[in-house]
Amino acid sequence: MNDRVIIRFEHVTKQYDDDPPVLDDVSFEMERGKFYTLLGPSGCGKTTILRLIAGFIEPTKGNIYFNGKLMNGVPANKRQVNTVFQDYALFPHLNVFENVAFGLRIKNLDKKTIETKVREALRFVNLEGYENREIHEMSGGQRQRVAIARAIVNEPEVLLLDEPLSALDLKLRTEMQYELRELQRRLGITFIFVTHDQEEALAMSDEIFVLNKGKIEQRGTPKDIYDEPINRFVADFIGESNIIPGKMLADFSVEFAGKQFECVDHGFEPNEPVDIVIRPEDLEITTREQGKLQVRVDSILFRGVHYELCCYDDNGNEWLVHSTKKAEVGEEIGLYFEPEAIHVMRRVETKENRGGER
Amino acid sequence: MRKKLKISHLYLIVVFLILYTPIFYLIYYSFNSSGTMHHFEGFTLDWYKEVFADTRLLIIVLNTIVIALFSAAISTIIGVFGALAIYYAKRKQIKNALLTLNNVLIVSPDVIIGASFLILFTIVGIQLGFTSVLLSHIAFSVPIVVLMVLPKLQEMSPTLVDAARDLGANSWDVLTKVILPYITPGIFAGFFMALTYSLDDFAVTFFVTGNGFSTLSVEIYSRARQGISLSINALSTLLFLFTITLVIGYYFITQRSQRSSAVGGRK
Amino acid sequence: MSGTTKNYSRYLYAIPYASWMLLFVIAPIILIFYYSFFDIEGHLTLDNYKRFLTPVYLRMTISSFWYAFLITAFSLLIAYPTAYLLTKTKHKQLWLLLIILPTWVNLLLKVYAFLGIFGTYGLVNAFFETIGIGTKQLLFTDFSFVFVSVYIFIPFMILPIFNALEKLNPSLVDAAQDLGASSWTTFRRVIFPLTLDGVKAGCQAVFIPSLSLFMITRLIAGNRVITLGTAVEQHFLVTQDWGMGATIAVFLIIAMALIMIVTGNRKWGVKQ
């Protein structure tokens, strides 16, 4: 067995009573020292995976391995993982030092070691000198760091992060994204990060798992997932995109919006129905004559970096365009795009798609 | 607008006046030398002297305090376990059933509690007296403690327990290092409530106390039935002062718990 | 999953509480029912129930409920405006504490005080004398019983209503007024319906105990047995007819359960 693998799920299902399973026959492996992100809408099962790894819940079916050892039935307090909780779960009756020292005191380490380790952990998260603060005196971002320090002081092999940035404001969130990524590099341990924010996932991860309805839709590097979404759900979830129904005429030739286009995809059945994805930033505004598509501008929003145009073609398809150029509402314009910008997805539902996944 | 405000203030003043008149009426006449609750003759402290010279009364006061402290302490322990049991009950129906049974004694009229306990003690063969009074006070204080502790447990974020387990704590550690410290204000409030319920109770005690044993409430009742005696007034003044001290103590405890709950809520 | 013995030991801590529940909640209720089927000589009989259905007890039942109703109604009438005005004061927590404070004074002492206040030469009659009405017999009347009971219960009515009013989102009142409602309409259509839970809780906290106020009737209403509570006390402690006392208690328990169901679905609160 590959000894870089640290966590392995084997046909894991989690089901409560007779409700549909929150996790449905999921299998995967995670490697040592990488930054993983579990991404998906609420209720997709991402937090369930985290809680299964932490040991707060047990799988209904299937096995979970940690370093090759079966973890089923091992309680949370006996596992070599630590968690940073969404609401931080800092103990309000203990100060910063005692919060961080909690796990070490449970292990009955001697006073001196605890002191050294806590200080080191606090330095790691840039909170030196805050030892004697009460939790309620700390800001949101500082509490976040205390929570991280409290987890990493126990030297876990895997750190689980359950939407830890969701309670922070936008600016702080972006800062913390960098810090977390940096922290993971410095510690060299595995981070498993749960989020519903695709930008966060794209910015931080070595690898992303996109989940939906208790199943893994796609796993891959941020670039893979962004550029090559495997189906409509992933494309829709990762960033804004134009998803248009079409037909694969032959290799390198696809039809949609009533026209035929050159593309880079191949290996489909002739005339196979497909979904076409074109990212809004891959569409360029030109004149009606130069454009590959002719559309009418319906509305326009200024988004700071770019304008967001909502246009309709003659077949009634909606086209979202991100452009630094401005157009007038009601104006007839042309849209240009490279063949590489067209991404063709099979229409067939997810299950068979996954067969082709590595 | 101004006039409306005045009327509303007047109303409040009248209500407060009515609420406090009897209490100050009692206190006022406790200094009356004529021995009646009308016609203030002259200032005297004789009634207070009488109270302090009355060894029987002092023993009763002591009994009352001992019963209150013991019953409050024991019912707090049982009540905290009870609150934990309700908190940990997994199924909703069980939780609701436990809560309903818990509250039976709180909503029951005192005479029914008293009468049913009287039957119970007679059947079990517990002699009426200290033990029966203590047991009844524990019995009716337990649900109060549960109701003071349970909200604290429910307001505690469940991730706190997860976090403690995640950091290696076993069930005992979770209880002693996380849950109990967290609900401490609720436990104090529960203890305090139990204390006041016990000190205040008359009806239940009246049913289950035998001939030899008496608490302050029962004693006041039997003396009041014999008519007015200003030593009761003197006693009530002393009790009122004692109550105010307790209230101030309680006030500080709840203030503290409010502050810490505000902390828990600010996330 | 992890062994049944381990699962059982997890419930060990609940044993004291469970025994309390069994001994002091469930057993007493059963015992009351059980005793209601025995007469004073210890024979199994339904006589107690027959006796309860005679005019003497039926009249007592009706008067009990009538008194309880009067006490509840007057308490509500006085308590609602008080609670409402309290929410408008500046230091409302302090005022609230002052409302609660008298409840911590032993109930019997307060009742005892009225022996003096309502006495022939007491405060009220002295007042009547000065305004020229003349001395009235106040003690040992129904009026004094209801008045003292209302006095005792007012704080228990104010508290839940105050809490309900405090929970009321003030912008709802603004919204009602913004939509053109007059103060009265705002009160009738918005404030009162939204504080109904508090009113219900208060009525429960007053109505049920006022069915059983034997000490007030004994001290203030002239030692007459006019309520079911007094009758229970009478049978248990004076005539020693436990069976009859238990029968009356059964009816009180049933009445109580019905009231709980009618005013139901409130969150359980503590009396004080």
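For clarity, chains are labelled A, B and C in written order, and residue numbers in each chain start from 1.
Keep in mind that, in the parts below, a residue touches a chain if its C-beta (ideal position, glycine included) is under 8 Å from a C-beta of that chain, and two chains touch if they have at least 3 such contacts.
Listed by chain with UniProt protein names: A = Spermidine/putrescine import ATP-binding protein PotA; B, C = Spermidine/putrescine transport system permease protein.
Everything quoted here is computed from the prediction, not taken from an experiment.
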Centroid check, CA-based, most central chain -> B
Report the chain whose mean Cα position is at the greatest distance from that of subunit C.
-> A
The larger set of C-beta contacts, choosing between A-B and B-C, lies at B-C
Could you put a whole-Å number on the gap between the CA centroids of subunit A and subunit C?
-> 58
Taking each chain's centre as the mean of its CA atoms, subunit B sits from subunit C at a distance in Å of 17
Subunit A and subunit B, separation of their C-alpha mean positions in angstrom = 55
For subunit B, what residues touch not just one other chain but two or more?
-> none
What residues on subunit C touch subunit B, complex-wise?
-> 10-11, 13-14, 16-18, 20-21, 23-29, 31-32, 35, 78, 81-82, 85-86, 88-89, 95, 97-102, 104-117, 119, 121-123, 126, 151, 154-155, 204, 208-209, 211-212, 214-215, 218-219, 229, 232-233, 236-237, 242, 245-246, 249, 252-253, 256, 260, 268-272
Write out the stretch or stretches of subunit B touching subunit A in their complex.
-> 157, 159-160, 162-170, 173, 177-178, 181-182, 184, 260, 262-264, 266-267
Given the complex, residues on subunit A that touch subunit B span 54-56, 75-78, 81-83, 85-94, 102-103, 106-107, 134-136, 150-151, 154, 167
State the interface residues of subunit B toward subunit C in the complex, per the touch definition above.
-> 8, 11-12, 15-16, 18-23, 25-26, 29, 36-39, 77-79, 81-82, 84-85, 98-99, 101-120, 123, 138-140, 142, 144, 147-148, 171, 193, 196, 199-200, 202-203, 206-207, 216-217, 220-221, 224-225, 227-228, 232, 236, 239-240, 243-244, 246-247, 251
